[in-house]
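In the two complexes below, chain A is the common chain; its partner is chain B in one and chain C in the other.
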Partner chain A sequence: MLSLEAICKRFGDVEVLSGISIEIEKGDTVGLVGPNGSGKTALINVVTGMHGADAGRVVYGGRDITGLGSHQISRSGIARTFQNLRLFPRMTVLENVDAAHNGLPGYNLYQLIFGDREVDKNHRQKSEWALEQVGLANERDRLAKTLPLPQLRRLEIARILARDPKLVFLDEPAGGMTQAETEAMAMLIADRVTPGRTSIVVEHKMSLIARVCRRVCVLNAGILIADEKPDVVFNLPQVIEAYLGRRIVNA
Partner chain B sequence: MAIERELFAKMVDFVQNCIDGIMIGAAYGLLAIGFTIIFGVMRRLNLSFGPSIMLGAFFGTWAFLTLNAAPWMVLAITIAGTVITGIYVERLCFWAIRRDATIASMVSSFAIWMQLDEVAILMLPGRTYPFPEMFVSGGLNFGPFFVRAEHLVTLLVTILMVVGIRLLLYRTTFGLALRAVSESSDAAKYMGINPSRITFLAFILVSLIGGVAGYLLLATDQQVTPYFGLWVTFKGLIAMMLGGMGSIPGAIIGGLVLGIIETQTQWYLGNAFKDMSAYVVLFLALVLRPGGLLGQGIAERQDLAFRRV
Partner chain C sequence: MSDYVVSVVSNMGMIAFIALSAYILLVIGEISFGQQAYFGIGAYISGVLTAMWGWPLWLAMVLGCAVAGSAALIIGSLTLRLSGIYFAIATLSFAEMIRLGLLSVHVQVEIDGELVGPEGAEGFGDIRWIFENDVTPFEFMTVIYVLLVGVLTILFWVERSRLGTVIRMVGSDPLLAQAQGIDVVFYRLLATVFAGIIAGLGGSLYAHFATYIEPNVFNVMLGVHSLAYGLIGGLGTAVGPLIGVGLDIGFLEGVRVFQGYRMIAFGGLVAVLLIFMPRGILDEERVHRIKRWLERS
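Right, the complex of A and B next:
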């Protein structure tokens, strides 16, 4: 489904990714963890086209997608959320999800301006369905910037559901959330996002990782140091060392 | 009795100035919309917007002088010329230069400005050329007030265009995509939207708006000079800053305020103060209300602008 082949990325003198190779099977749910600055988000950014890779290849569904623009990559069925949200703050909740359909049917100029009644109707239904899935149906006409953080993260999930991608990257979906909110988010991900999709989840809250992931990859200083089942991975000596001084909350 | 009559005459003057100001301010508003849409989509200023319109108008006036083109032909050529120049500017200053290089593309839009001036002077080497008048002329009396027909057309066309722009932005997929790119071009990319394509289309849109606004202004004045580009960029930028960058209602309000202040100053203090008043108002606005009159999300936008510079 997705194979990362020896990906390297440097920012100036700092090598943030040093030859990362990961093979991900279709339908798998993989946790991507590691201390701050270990290169988790950088890896997602390289795979989804936000940054170019300095070396290595990203092969998705048998096709080399290294170096494609992010809009092309997202059109090929890959979607992501952001650790520091990237929503459209001055648009309504519904418009935020509506925008997710852009580029899906490859609208031509005429359709861009005059629309296509049938397609637009389907899109609207799909947006409303996606908002129901994440429990935001009642907030559809609010401006996105007026929502509290947990709901904003849910809105990002709704945008993903509306796009119905085959491969999903979730970058700290429970970042900044309380314990209860994190559990609700874990449930949402396990029930609505991961079934039928291939997912990669970056998260510091190990309860969420343990709940949704069947496999965990650990990054430290740009190097892949472990790739195991969740119950095994946190007892590995190299992982404990990477987190030295940090307490691992293993739920 | 005499005092009352004098007071009445003064009131009439004041209201008449406001009417004239609204009429000219409507065209300023259109120019400001052009600046604000491009700023919204790219977070960059296109200083060459005015000169593009000027060059479009020079094509129009060239057709008028050499081919004796009819007014509607001049309108069409002015708009087409502005759109072509706009596309040229977009390709050179914005498409070719990296998206986060804000200063670089602003400076290069300034360089293109001079190039456009040169082209205009090569085409018509004199300073001032006649611009054909509109299809209509004369005026209408409303009680003690008088409205020029050209001004009335300007106002009506502006209202129609603002309604059209509003529908385009809020009722079409293109508008949704354009607003999405303005709000967060990163997020838009991950929705499958190609910001380059939307930017290109936005340039065509604002060139259309600018071409119409330029035609309305020039057909009212019935003359065109290469300085028209400078004039448009100044008026448009000031109106945009007055109303608040990135806000379309703000652009219109900024345009109207600027128009009214200019006509009042011209009436009471004379022609020499007309342009100066615009800068005084801009200065005061920047000091007192840096986010513009519709100061929504001032902090937010300044923060954004900051991060991109």
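Right, the complex of A and C next:
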């Protein structure tokens, strides 16, 4: 489904990704963890076309997508959320979700201007369905910027559901949330996002990773130091030393 | 209607075109100080075509708009990688290049014993279409407003369409729009060209209403004003820039309350609004509230 082959990325003198190679099977849910600055978001940015790779290849569904623009990559069925929430604050909740359809391959300029009643109706229904799935149906007419953080994170998930991509990157979907909110988000991801699609989840909260992912990749200083099942990876010495050390000592 | 009122109302209509042009750029997320260049191009091209070559006005206006749109396409392509202050300065530089270029254009022909055509800083007089065709200022004002309503109808249509949402997506967060499959470069160019055409249309009308134009009419102050109209009136709807034009030309200039102090009053108004209503009177939030109120009632 997704094959990352020796991905390298530098920002000036700093190498943020050093030959990362990961194979992800169709339908898999993979956690991507590591300390701050380890290259998790950089890797997502490279795969989704926001940053170009300095070396290596990204192969998705048998097609080399390295170097494509992020809008082209998105149109091929890849969607993402952002570590720092990105929404259209001056649009309503429903408009935010419905807008996610505008970049789908089904819309050409003519349809964007004059509309296609059937397609528009279908997308509007999908948007409303997505809002119901994340529990935001009652907030559909509110401006997005008036929502509290946990609901904004859910709005990002609704946007993903409405687009129905084949491959999803969730970048810290529980960032800034309380324990209870994190558990609710983990449940939402496990029940609504991961079934039937391939997912990569970046998160610092190990409870969410353990709940959602079947496999965990650990990055440290731009190097892949582990790629195992969750119960194995959290006990690997190199992972404890690089990332989980303090937690284990405290425990 | 007195000549003075016709003149002020016509001015409002013509300036509304360039205000709408700057507004489109603001909605797409860019500040342009250069829309006056397209206004000037439309004015000069259509003026030359009717006054020197005897073209019918509508055809001259079509070509004026086409050339303005083409210039916008070229400048838009050259400034694609720029944003924010860099884009603003690039548009200002381009507009000044056009203005200074027009100062050195001396192309005149003799018609009925008189020299007609652009004469550098001396300007371009004898754009006599309105006299030759016995069109009264009131009738020409009607033409201005019919075309303005046409442009507004297109803009309202676009605003309600998915294209309008795409334009606002690009203006609000180009990175997110791109991540959702929107070709940001294409839509930025599309909006830039459309904005250029609208400004060109306004300029074409202006040349034939004023019957005399000179390069300095299209100076940076015209660009700054057109930008300010959108910022005053609001970026939530195309009605916004019209409110800005109405407040400045219709109220401050037309009513003559602030005679001699208009620019102080206008500058103060812009400053106050930018502090308390950074996206103008009819910003997206107020437009949203009005829409909901209309839906309920």
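The rule is short, and it goes like this: the second predicted complex is superposed on the first by the 243 of 251 C-alpha atoms of A that agree within 3 Å, B and C clash if a C-alpha of one lies under 4 Å from a C-alpha of the other, contacts with A are read in each partner's own complex, and residues count from 1 in each chain.
Operating definition for what follows: a contact is a pair of C-beta atoms (placed from the backbone, for glycine too) under 8 Å apart; a residue touches a chain by one contact, two chains touch by 3 or more.
In this text, all values refer to a predicted model and were calculated from it rather than measured experimentally.
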{"item": "Room on chain A for both chain B and chain C (clash or fit)", "value": "clash"}
{"item": "Which superposed partner A:G135 touches (first chain B, second chain C, both, neither)", "value": "neither"}
{"item": "Chain B versus chain C as contact partner of A:G61, first or second or both or neither", "value": "neither"}
{"item": "Touched partner set for A:L112, first chain B, second chain C, both or neither", "value": "both"}
{"item": "Chain B versus chain C as contact partner of A:P195, first or second or both or neither", "value": "neither"}
{"item": "Touched partner set for A:M91, first chain B, second chain C, both or neither", "value": "both"}
{"item": "Which of chain B and chain C A:G52 touches, first, second, both or neither", "value": "neither"}
{"item": "Partner chain in contact with A:L143 - chain B first, chain C second, else both or neither", "value": "second"}
{"item": "Residues of chain A at both interfaces, chain B in one complex, chain C in the other", "value": "48, 50, 69-71, 74-75, 79-80, 82, 86-91, 95, 98-100, 102-104, 107, 109, 111-115, 120, 159, 163"}
{"item": "Footprint of chain A on chain C - complex, ascending", "value": "157-158, 161-163, 165-166, 168-169, 172-173, 175-184, 283-285, 288, 292"}
{"item": "Contact footprint of chain B on chain A as seen in their complex", "value": "48-50, 69-71, 74-75, 79-80, 82, 86-91, 95, 98-104, 107, 109, 111-115, 120, 159, 163"}
{"item": "Touching residues on chain A, where the partner in the complex is chain C", "value": "48, 50, 69-71, 74-75, 79-80, 82, 86-92, 95, 98-100, 102-105, 107, 109, 111-115, 120, 141, 143, 159, 163"}
{"item": "Residues of chain B defined as touching chain A within the complex", "value": "168, 172-174, 176-177, 179-180, 183-184, 186-195, 201, 297, 300"}
